[in-house]
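Structures incoming, each one as structure tokens.
Each of the next two complexes has chain A plus one more chain, namely chain B in the first and chain C in the second.
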Partner chain A sequence: MTPVSAVFKAMLAKDVRRELRSKEIFISGFLFSIILLCAIYIAVTAGNLKFEKMGTGAIWLCILFTGTVSMNRIHQSETANGCYRGLILAPVEGGWLYLSKVCANLLLLGFSATLLVPLTALFFQLDVWANLPYLLASLYLGILAFVAVGTMVVVITANTRMKDVLFPLVQLPLVVPVLIGGVNSTAVALEGKAPWDWLQMLLAMNVVFLSLGFLLYEFLLEE
Partner chain B sequence: MKGISAIDLVLLGLTFIVMFLAIVWALGVAPTEAEQGDVQRIFYFHLGSIWPAFLAFFYVLYASVRYLMTRDMNWDRKALASGEVGLYFASMVLITGPIWAKPTWGVWWAWDARLTSMLVMWFIFLGYVLLREYIDEDSKRARVGSVLGIIGASMVPFVYMSNRWFETQHPKPVIAGGEDSGIKDPQMVWALVLALAAFTLLYFLLARIGAGLFNNEGRIKDLHARMHLLEEER
Partner chain C sequence: MAFRIQLDNVGKKFDAFHALRGFSETVSDGDRISLLGHNGAGKSTLLNLLATLSPPSSGKISYEVDGKAVDKKPQIRDMLTYLSHEPMLYPDLTGLENLNFVARLHGIRITDEELTALLDKVGMRTARNRLFRTCSRGMQQRLSIARALLPQPQLLLLDEPFSGLDSEGIARFTELFHASDLSWLLVTHDLELAWQMANRFWILKRGKLIHSVRRDDLEHDDYLGLAREATMAGVTR
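== the complex of A and B ==
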């Protein structure tokens, strides 16, 4: 096995194993999503709006907020016990470490989202069977783009004194295009149509963000 | 020691003259727009500030890449100066916009594609400038800031594209015609061209002064560090 794929696999396995053992980020994140769904329902009905129309928005708000909280937490656990120094010393280019981190975050957030969809369908009376493959494609492509940006930004803001506040402040404006693409793509898929335009846009964003991350992550791994 | 350079003086003089002409043309020479009245005149300054904001963002991208390649602090200072000036211009767009929108559209703010993109861009700029305030170490600040500068600037085309697409999916709100309708009169075109030129010059001037200021700050820091070393040796 080449060192690149060995390091990539070891990193990914480490992240997955840690989460499987503790489950703390998944459980807290998922519970947070459920509370958010309730809050969104209360906020929407207070304004005399039909809550059935809010399903798509609710899914994406949950992904956005839960993703932001979880990714911050994941990175914090990375800095404990000198883990971060281990990353810097890994015998491969930073880009590969970045890709493995993106994969680990995608697995975690993607799994949460997969469980979130039936729950949102239940609470907000969505017809998820209308176009399930496109719905899942919209969600996963959106989450991948979100994670591609977030994996970089979380390391950037971790260098500051105000990391807990700065991460959402820097991350959320950067993912507005992802949010617009994801929400619209999901909404079209839930109507039973094929959201090709939006999926193409999400795909283009993924290509750009992943390439940027691959090239730039190296510069963040210095002490 | 460097004083104020000849280029800065020429730039200052040019900015002053062109800005003066722009104000005269925008407020005096250009005719009053028939439908919107005098409030339309703010549009010259509004559009004038959008262009330098974009210019600033792309310069941040360029200077950040140069910094990461060369690790020359000058490039980082140029990027930061450009980012800060860009933030001011973006703020000006966001302030002049609603002042024009209230009498014309009847509301201070509409979630139009252009407004949303500008607001998001303003936040990206803000994040870039704010991040530096919270990092103490110089080299780390420059390195991390440059990476964020590159990510932020590459996001701008997507912010624009996604908003345009978003708009086409929905019917337009009360906004119709708007700003483009007034630009047929040659004096109005002149006012616009002068305003664009004036704000572009102002951007160059402010970015240069800003970079110079950061350079001096860096030099003072170095001198302080050296003085400390000398005192310790004694």
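== the complex of A and C ==
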């Protein structure tokens, strides 16, 4: 059996190399975020709303939609040429494959989200520097939970005829608790306070989703 | 290491459709089996079951290595590789990078020189740094064969493994496989290739094994008769 560390290293190196070469996740995800931010900015300006109140929602809307687009892209490139079957046939427990895939997806989506923070701060006049560690903890714990669910859902919907439509339809309701936790935690962090309660909720959701994924992935992969 | 796979009354159902019924056979070291049958006879289903890609609906498949039962999927997958018309390689990586990934995923320490030697064997040395998606169909299949050989499996599950290859390629790989000590289960519609590659034949018809014969017990003409009868049965059930 392959050592777990070797699986993680191989998966991360492969996904980063592919993304550096194709830039498809960055282009489809990050550029979509900018367009979305512009749309929200125009709507806020037209509605005479307070910019600083809308910032948190804007960040999470971008994460939600670009995350969905990116996860779909990641899975499409993984299923091309039957690559997923190649992964399944490796002498590795399904659970470790799942966790390594979550790590790789977190890295790709987290990178786009990191670039999104200063942009949102610029658009919505947010003071992101005052409480940066809590803000980043809120964002990354939220993205991790989003990716943990998405990596499972993508496999569930992979063999269906309408997988591109079904993926967001199944994914979005499942990540509503993540969205609630993430938005509230980010809002409290932007007010300069420590969002401990919300961070604990996000942490608990991550434990639940990652454990479920680890235990069920092998079963979900079976055709 | 010696292996043995025992299939006991194995069946596979997809809703009401019986893809495979009551299949009982054994595969062990040295077996080079050609699996023949019409479209929809259950050939690929059987390979998927053996590769643990899907569980049987009925019956049991038991795996043994050196006389000891192996029941964990990673251990089972360690003893076999699956080669089909799908290359299972990433379009945005080069041949060398793809094989490096496969080696790491299988926990194999291998140098670039050793990988290049493997690529040389499959006739892809000069194209090793080409992106996979820019390779022709035949070149992709050659890389896919390198992928299957890399983990040094005991059993190869081959589903139309030479599709897209030119006649030189088919001759090269037939020779390469025969020179190895590998065992395999080959699915092909090319009856001559199936004859050349096998020392046993399994012939399926409508999900049932109708003939299991050794090559030594069969003349070429008799073999052709059996194979044609099964392959011309059609898929209507």
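In this section, the second predicted complex is superposed on the first by the 221 of 223 C-alpha atoms of A that agree within 3 Å, B and C clash if a C-alpha of one lies under 4 Å from a C-alpha of the other, contacts with A are read in each partner's own complex, and residues count from 1 in each chain.
FYI, contacts are C-beta pairs under 8 Å (C-beta built on N, C-alpha and C of every residue); 3 or more make two chains touch, one makes a residue touch a chain.
This one's a predicted model, so the numbers in the text were calculated from it and none came from an experiment.
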| item | value |
| --- | --- |
| Contacts of A:Leu166 with chain B and chain C, given as first, second, both or neither | first |
| Chain B versus chain C as contact partner of A:Ser22, first or second or both or neither | second |
| Which superposed partner A:Arg73 touches (first chain B, second chain C, both, neither) | neither |
| Which of chain B and chain C A:Glu93 touches, first, second, both or neither | second |
| First, second, both or neither for A:Glu222, with chain B first and chain C second | both |
| Chain A residues contacted in one complex by chain B, in the other by chain C | 222 |
| Complex interface listing, chain A residues touching chain B | 149, 152-153, 156-157, 159-162, 166, 169-170, 172-174, 176-177, 180-181, 184, 197-198, 201, 205, 208-209, 212, 216, 219-220, 222 |
| Residues of chain C defined as touching chain A within the complex | 48, 51, 53-55, 73-75, 77-78, 81-82, 84, 86-93, 97, 101-102, 104-107, 132, 147 |
| For the chain A and chain C complex, residues of the former touching the latter | 1-3, 6-7, 9-11, 13-14, 17-18, 21-22, 77, 80-83, 85-94, 218, 222-223 |
| Parts of chain B lying in touch with chain A, wherever the complex brings them together | 68, 116, 120, 123-124, 126-127, 130-131, 134-136, 140, 143-144, 146-148, 150-152, 154-155, 158-159, 161-163, 165-166, 169 |
